[in-house]
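Heads up, the next two complexes both have chain A, just with different partners, chain B and then chain C.
Entry: the complex of A and B
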């Protein structure tokens, strides 16, 4: 029954999406408001219908309806309820349906929140979002149906079909349960309950800015209207995607057992590309809002952000690339490729058409190199270069070489570690300079004056690091740039608050609250910069100063790395409730001869594959990461890999700051009485 | 006369401002161009040094041009040949050639290990704990170099067992066919 309900709701959602698409197109072409209202109603209906459909699938997963092939392939009777929930996105069909649900949720929100203010753009917005939704729902219905069930044909063959085939009957459920596959062990991690939803919320969220952009292009209203409507949606999608990337890093760190969190894997890179494009857009859109410039560039960024989402979806879900994150080879590759190509070409074609009509012409020219808009544009150039470099390394070089050369080439971590650090360094430099520059014709002298305080504050931490023994030029340069960017953001916040304290006699907490209230976008942005700085500190530390060793030890023997000593004490095996065999080593970790932790690195042996779970001693200074990588039959000798990851926890803490900053920036502006006080000195300082 | 002087001064000031604006725009364009050229150089040099040719065991064994070069090679692991020294942490095994293109990875791996006539490659992986996925008929993807002694020394070892997560249909006997 659940399968019928889920499939029925899915089918109705598809019909509603197509209806909304056609009605919106008609409303746009014939200027019919009644058709537009019909389009809105049909579009709004897709979310509750998909909620119903996915609820049916979730209930089937929780209740163990193993006749549904998706339930059979991602759970088994031993799967705990917690992981039955995460199994919803544990494989292609479920995650595709979940993707559509989130897409419809965004459409629902965008239509309700923007209906009155942006009514003229609504035909285009509804048409684009519903075309995208209808496409993904068609994939679910025709190629990756999560409600297909197993049937036994008269000749005994097991068939998989959404509807009962002629002459077939339902198989025995108990026997199906006994053969169920169970969830991929790699997905049995707490992070999996939140990492994919965050990532998908990020991916699907970019459809709204894209839809507004296309609606503006189609309608010819290329004033700042569409930009105003899309900025907050972009910020939301960008935040979720950033969180998804960070949580994915944490999952890889905990589960994949290689001691790192970012492997420059093509699927990771596919998710990074729209995030980079979104970051560039969030900066350059300010220039369009404040100066009426970069109108064509912003349009292209929005188009490329969503195009990158579609390409990433195609690359991940088609089986085109090999990755621990990718789905099995699937038939949806070609339709996804065709849809990606079509959407990108249509969007670029419309942009070119409007550009030729002069509707995307800038209102001003750039005044000088040291103006804030010029620095923002240079930042965009670096983001574009990063995009190209990462796309080339992940997809361009392998695919083009396969066509042009005898032997295809792949570019590994070496390539990315050579190409991206200089570009990130320039980004941090610009992140430090841009807030100090004024809009328009700012002078280098003013920039230099503004830099004095942050530079002075950057020097003491650098000196401390040098005294602590970190004397390599690349590390000092990297930490110098990152700290400078953070100091600039911090000083800007303090400067604004101090101005309020002096002008209004407010206490510091009052001044800070009022400051953030008054200009959430700007000061939320500074908190994001602080978050990125903290992430940068963690990334540099854990990349440049990671230390590692590996040895086989007998019980009682030790290995040392830097001033740490690891002693192998014991080995045991136990069977867990969910059927996995736990092989656990007990080790003692000491530092300078002082006992600091007893860790239990282990191997979880699932029927499908073993998983290496690290024992981690975590502190602000570093993580000591211990892997049990092998053992003999009796457990008398075991092999350990010991890794020291300096400052790695800064990566996760910076993520929290980034989240806080984005929420501040995205929160709707509500000017309190206190924060509305405006006088010229304050305005001048905060301009 | 006064008016004419004023006009000349205004014209000169406009020209001066125009020249200044052009110079600033030029500075700005040069800065952007510099970043782009530097990025292009980074990408090209990174590609030149980081490129790894992905070849088959057949191509590696049969072509001396690959000897001594860092390449990626893929093949099927022969289970009985696997040895691991826990003290030196060195793995050694033999890998059989699989074709560059195939429809079914599991079948390609099975055919490769079953056919004694296909090319084979001796592999050594130093400083490596023994991975659990290193077993008979696993696909190994190695990055390393072929030495003059004909042994491939790998610096990176990736393993895949195709049967693990393939979506399947339950065995009819278990699914209830026995009741019929």
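Entry: the complex of A and C
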């Protein structure tokens, strides 16, 4: 029954999406408001219908309906309830349905929240979002149906079909349960309950700015209206995608067992590309808002951000690239490729058309090379260069080399560590300079004056690092640039609050609250900059100063790395409730001869594959990461890999700051009476 | 002289025995520069499949036999293709891989530079007085009159 309910709701959602698409197109062409209202109602209906469909699938997973082939392929009777929930996005069919649900949720929110204010753009917005949703629902219905069931034909053959074939009957459920596959071991991790939803929320969220951009292009209303409507949605999608990337890094760190969090894997990079484009847009859109410039560029960035989302989805799910994420491959590659190409070409065609009509011309002339506009343009150029370098390394070079030269190549960490660090260094430099430059014509002298305090505050930590023994030029330069960017953000916040304290006699906490209330976008942005600074500190430390060693030890033997000592104490085996064999080593970790932790690195042996789960001793200074990589038959000798990851926890803490900053920036502006008070020096400071 | 020669011969015979045994770290240092030939995009030192363990054992034997890391990597490339290294060793493929992104990035920087230059020109053009502006003629005549009165 659950399969019928889920399939019925899915089919109705598809019909609603197509109806909304046609009605919205008609409303746009014929200027019929009644059709537009019908389009809205049909579009709003897709979310509850998909919620119903996915609830049916979830209940089937939780209740073990193994006749549904998706349930059979991602769970088995030993799967705990927690992982039955995460199994919803554990394979292609379920994750596609989940993708569609989140897409319909965004459409639901965007239509309701923008209906009155942006009514003229609504036909285009509904048409684009519903076209996208209808495409993904069609994939679910026709190619990757999560409600397909097993049937036994009269001749005994096992069939898979959404509807009962003529003469077939349902197979024995107990037999199906006994042969069920179970969830991919790599997905049996707490992070899996939150990492994919965050990533999908990020991916699908970019459809809203894209839809508004296309609606603006189609309607010819290319004023700042569409920008105002989309900025908050872009920020939301950007935040979720950033969180998804960070959580993915944490999952890789905990589960993949190689001591790192970012392997420059093509699938990771496919998610990074729209995030980079979104970051560039969030900066350059300020120029359009404040100065009426870069209108064409902003349009292109929004188009490329969603195009990168569709390309990433295509690359991840089509088998275009092989990686640890390849569990999600299937034969939907060509339809995804066609849809990605069509959407991108239509969007670029519309942009070209409007550009030729002069509708994307800048409203204001450039004021000076040292103004904030120029620095933002440079920032966008660096983001574009990063996009190119990462796209080339992940997809461009391997595909061209394989297709044209018949020589498959891999561009791995070596390539990315040669190409990306200089670009990231320039980005951090610009992150430090841009907040100090004024809009319009800013003098270099003013920029230099503004830099004095942050530079002075940057020097002492660098001197301390040099005194502590860090002498490599690249590390000092990297830390110098990152610290400078952070100091600028911090000083800008302090300057703003100090102005309020002096002008209004507010206490520091009052001044800070009022400051953030008054200009959430700007000060939320500074908190994001601080978050990125903290992440930068962690990335530099864990990349440049990572230390590693591996040895085989007999019980009682030790290995040392820097001032840490690891002693192998014991080895044991146990069978877990879900059927995996746990091979656990007990080790003692000491530092300078002092016992600091007892860790239990282990190998989880699943029928499909073994997984190495690290034992981690975590502190602000570093993570000591211990992997059990092998052992002899009796467990008398075991091989350990010991890795020291300096400052790695700054990566996760910076992520929290990034989240806080984005929430501040995206929160709707409601000025309190106190924070609305302005006088001329404050306006000067906070403009 | 004979004693010295005898000592040298004995020393050369004893050298392999005195040489440091190949450690896991030595093997991983080479394996980290290689990618698993079977499971794509997984560095060999991190790969724990049976095939990868065997390849790592092979690297250990090769190091033990005195082969340099470069020779071992070249051997892997000869057997499994350019896919097993993080950046291709073949000069053409290496140039394609490494030069192209910089060329494209340079293109992006040049485009940005051209945009800024165009903006700067527009600004200069906007701030320069128009030679055919009647206001300019009028201003010139007023200034000439003022100079004449002085």
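By our rule, the second predicted complex is superposed on the first by the 683 of 687 C-alpha atoms of A that agree within 3 Å, B and C clash if a C-alpha of one lies under 4 Å from a C-alpha of the other, contacts with A are read in each partner's own complex, and residues count from 1 in each chain.
Just so it is clear, contacts are C-beta pairs under 8 Å (C-beta built on N, C-alpha and C of every residue); 3 or more make two chains touch, one makes a residue touch a chain.
Treat the numbers as computed from the prediction; the structure is a model and nothing was measured.
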Combined model on chain A: chain C and chain B, fit or clash: clash
Which superposed partner A:265 touches (first chain B, second chain C, both, neither): second
Which superposed partner A:38 touches (first chain B, second chain C, both, neither): neither
First, second, both or neither for A:414, with chain B first and chain C second: both
First (chain B), second (chain C), both or neither touched by A:172: first
Chain B versus chain C as contact partner of A:160, first or second or both or neither: first
Partner chain(s) touched by A:643 [first = chain B, second = chain C, both, neither]: neither
First (chain B), second (chain C), both or neither touched by A:632: first
Touched partner set for A:184, first chain B, second chain C, both or neither: first
Touching partner for A:400 - first (chain B), second (chain C), both, neither: second
Shared chain A surface residues [contacts with chain B and with chain C]: 322, 365-369, 374, 377-378, 381, 385, 388-389, 392-393, 397, 407-412, 414-415, 418-419, 423, 550-552, 610, 629-630, 639, 641
Interfacial residue positions of chain A with respect to chain C in the complex: 256-258, 263, 265-266, 321-324, 365-369, 374, 377-378, 380-381, 384-385, 388-389, 392-393, 396-397, 400-401, 405, 407-415, 418-419, 423, 548-552, 610, 612, 629-630, 639, 641
Residues of chain A touching chain B in the complex: 69, 72-73, 91, 150, 152, 156-158, 160, 171-172, 175-176, 178-179, 181, 184, 322, 328, 365-369, 374, 377-378, 381-382, 385, 388-389, 392-393, 397, 407-412, 414-416, 418-419, 422-423, 426, 441, 550-552, 603, 605, 608-610, 629-630, 632, 637, 639, 641
Chain C - residues contacting chain A, complex: 23-25, 28, 33, 35, 39-43, 46, 48, 53, 81-88, 90, 92-93, 96-98, 100-102, 104-105, 108-109, 111-112, 115-116, 119-120, 122-123, 126
Of all residues in chain B, those that touch chain A in their complex: 21, 24-25, 27-28, 31-32, 35-36, 38-39, 42-43, 45-47, 49-55, 59, 72, 84, 86-87, 89, 127, 129-130, 132-133, 143, 156, 160-161, 164-172, 174-177, 179-180
